[in-house]
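Have a look at the structure below before the remarks.
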Amino acid sequence: MHLTNPQLNDHGELIHLLSLDGLSREIIHDILDRAVPFTAMAECAVKKLPLLRGKSIFNLFFENSTRTRTTFEIAAKRLSADVINLNINTSSAAKGETLLDTVDNLAAMQADMFVVRHASSGAPYLIAQHLATTGRNHIHVVNAGDGSHSHPTQGLLDMYTIRHYKRDFTQLTVALVGDILHSRVARSQLHALVTLGVPEIRLVGPKTLLPAAAARMIEKGPLRVCHDITEGLKGADVVMTLRLQNERMQGALLPSPQEYFKSYGLTPEKLALAKPDAIVMHPGPMNRGIEIDSAVADGKQAVILPQVTFGIAVRMAVMSMLAGGGQ
Amino acid sequence: MHLTNPQLNDHGELIHLLSLDGLSREIIHDILDRAVPFTAMAECAVKKLPLLRGKSIFNLFFENSTRTRTTFEIAAKRLSADVINLNINTSSAAKGETLLDTVDNLAAMQADMFVVRHASSGAPYLIAQHLATTGRNHIHVVNAGDGSHSHPTQGLLDMYTIRHYKRDFTQLTVALVGDILHSRVARSQLHALVTLGVPEIRLVGPKTLLPAAAARMIEKGPLRVCHDITEGLKGADVVMTLRLQNERMQGALLPSPQEYFKSYGLTPEKLALAKPDAIVMHPGPMNRGIEIDSAVADGKQAVILPQVTFGIAVRMAVMSMLAGGGQ
Amino acid sequence: MHLTNPQLNDHGELIHLLSLDGLSREIIHDILDRAVPFTAMAECAVKKLPLLRGKSIFNLFFENSTRTRTTFEIAAKRLSADVINLNINTSSAAKGETLLDTVDNLAAMQADMFVVRHASSGAPYLIAQHLATTGRNHIHVVNAGDGSHSHPTQGLLDMYTIRHYKRDFTQLTVALVGDILHSRVARSQLHALVTLGVPEIRLVGPKTLLPAAAARMIEKGPLRVCHDITEGLKGADVVMTLRLQNERMQGALLPSPQEYFKSYGLTPEKLALAKPDAIVMHPGPMNRGIEIDSAVADGKQAVILPQVTFGIAVRMAVMSMLAGGGQ
């Protein structure tokens, strides 16, 4: 079990957050439950709790992402941790040091947590394994996005959002629309949606972004592939729009942004196919007029900004679970 | 009133600091009064007050300025706020997100204040208006310099400096020397000097930097244009030198730095035309040997470094007024 | 005395840390003694002490070094200081401001300490002297590496490491291996080793990196030059490997990394020449396979990661000595 799921210790407790794959329904709900009180912080005059006071959290960003780094930084500071930001591409890496030597050095500075963003899938796993083999399991690793693999805190905040608005996962029809093939967000969402018992999950996108071979492998259990958006959105309770990851695509998978918008961009007309009380989600940053129409992004069904607020709370929950001591 | 002056609420209280235009003499003096106790902090062993504890202040710098960012960061930290620095040019903006989407996202992270620096005039206004129309007036905006429009905290620290050394504004002759046309600092200074009742304000500079058309529009009330520096400095109580904004000028407005120095650079000889107890100010960073001679910059009449110290205190005053609660 | 050693005040107390040259054995041991309790922090749940609460520490990095900046930032935060990071190459320097004007400005922000990294040897001295001549000796300067001159906190953490493992300096044979000519680390180590009474210090490297003229000047007291590594390592208690500073070398001083590794790279075979309980040190970041073999870097005799841990403690000791008040 230790080998197959390095993010749990021998007692089944979370020690790292690397992926939503392998996390039980109980653990996911536990994290979401812990996030609830943190969402109420906005009403507090003093948005500060001492749960991580005196802890050293390193934001190790091997890939630039101001937005994600900011969410972790604000979450850590509200828990009173000391936060150190490191953009590694411009530092030791340039001097020829290996990833694991960099990690060893920062660990030797008595780190308590590494929040890791990396362009290569698996980098946070590699770091967690290395910490385990060198006897430093007391340092926690949180995956803040690795390649096209996983982005677990994004997945968790999406689940928080769905639970907040829809309560019961087991009656829902959820449509994921867009570039599912390249999206670590989609992977994290799918793991969680399946684990939480969503009975119908539709993967909606063009064949170039969801090829036949992949579609055949994916279609099982609650998962269903729809290349036609009318079919995909019909009667949905939740519409999760994905960002068109232009920067991650190689070659000409797409005709043009205009054509993509025409076929798959979420307009009020297309949204009308879903249930009247369907919610619309987007992980940000949005490409308005490409994957989503401004009328939808700013419309009543959009819960895109609450997602951001819940994201801070979920990250506070994860960080305080891992490093807060005495769970 | 709300429309014409979005920085005041319906009770006439300051909720944003966007510009000194439209601020009354009472409000300006109120800010300066509040800054007084903060200047005494240097003598404290612990330069830290809990006025903004648990508040989240985002330094949104769409234009790089380490110096200005540092003054706001140190002011916020001395008030115990959590400070998040964002250089936006390298982040979401590059991913195609709009300014207002970026603002919405950061607001959703339960921000309390945005300190905004932007190359475009009016950006902080735009942000403040957007926050108002989306019902989030509890988030405060401080303009840290927008295009060639305004730099209100610089204007306020200049007024603090003049009041500190000269007490009464209503008896003063103030000379602004240099590139008034391109200077947001000059604009902020002029608004404040007029509001505070300075009877004679001289705008001193070459015709290329202060063309006839502009000069005609400007010359009213206490304002007077002087292209000859001898005339401009004669009997002045305060000499405010401006930085030659090479980076903001387009085309060949100036002959050469050497010629500029010869005509308008503040030397001891030229300064001797002013009153013997005249003070010399500069917003920094200085171009020694261009707009100011080192003998003046380092001389007894210079109050350039006290301006910096007062600048921290004034920023603490503004921040605590806006977000400190219970005004 | 004031002139010859600006880092001590008239009572012989440390007010700046600029170089290990001129520091007495007593002062060095005093710093190391003060670091001891800070190394125990790893076992504390709350790694935070209030010694520098309300102090403003500016990390002035005129040369990029994420690793060194991080060690000072974490040390300062564990002492509860407010830390401001400034990468100066991208800011005021670009606007034509002089080094001393930048320093004056930051000093006017009521700084308590400058941690200075600069590509030019002597820059921290220049800053300390300027603060003295302008009557601001209450602001402390810590040299975080200046050109090829000095890196005193690195030298101190190396001495801490040797004392930790070997206790008595006066019985030791220490070998420094590598690019001694270009290394500010080596200079700092040599000053400290001589001061602390090490009876035999061997400088081991190729003639290109330690030319005859330099070698003749160096060989005195305990210092001995060895171009042959067998001779250099024989019976050593401490082997200090230096990083091959490719980025600091001009011209073709070296044949190739492969040839360098063959002659001077620390392999298990070469290390076997030293005493069986010899320790291996490296200042990081390591070039594995160039100056050190992975089998040695990861072997039982390596104390490279403890060096990093001790480095935080030593920096906390220096910072709290200088600015902690009541010495």
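Every chain is named by a letter (A, B and C) in the order it is written, and numbering of its residues begins at 1.
To be clear about the criterion, a contact is a pair of C-beta atoms (placed from the backbone, for glycine too) under 8 Å apart; a residue touches a chain by one contact, two chains touch by 3 or more.
In this text the structure is predicted, and so the values were computed from the model without any measurement.
S.K.: Could you work out the angle of the rotation that brings the CA atoms of chain A onto the matching CA atoms of chain C, rounded to the nearest 5 degrees?
M.R.: Rounded to the nearest 5 degrees, it is 120.
S.K.: Do the two copies chain A and chain B share over half of their interface residue numbers, or under half; same or different?
M.R.: different
S.K.: Compute the distance, rounded to whole Å, between the mean C-alpha positions of chain A and chain B.
M.R.: About 41 Å, centre to centre.
S.K.: Two or more other chains touching the same residue: where does that happen in chain C?
M.R.: In chain C, no residue touches at least two other chains, as defined above.
S.K.: Would you mind writing out the residues of chain C in touch with chain A in their complex?
M.R.: 41-42, 44-48, 64-67, 70-71, 73-74, 77-78, 247, 284-288, 305-306, 308-309, 312
S.K.: Touching residues of chain C toward chain B in the complex: what are they?
M.R.: Where chain C meets chain B, its residues are 53-56, 82, 84, 86-88, 90-92, 95-98, 101-102, 104-110, 325.
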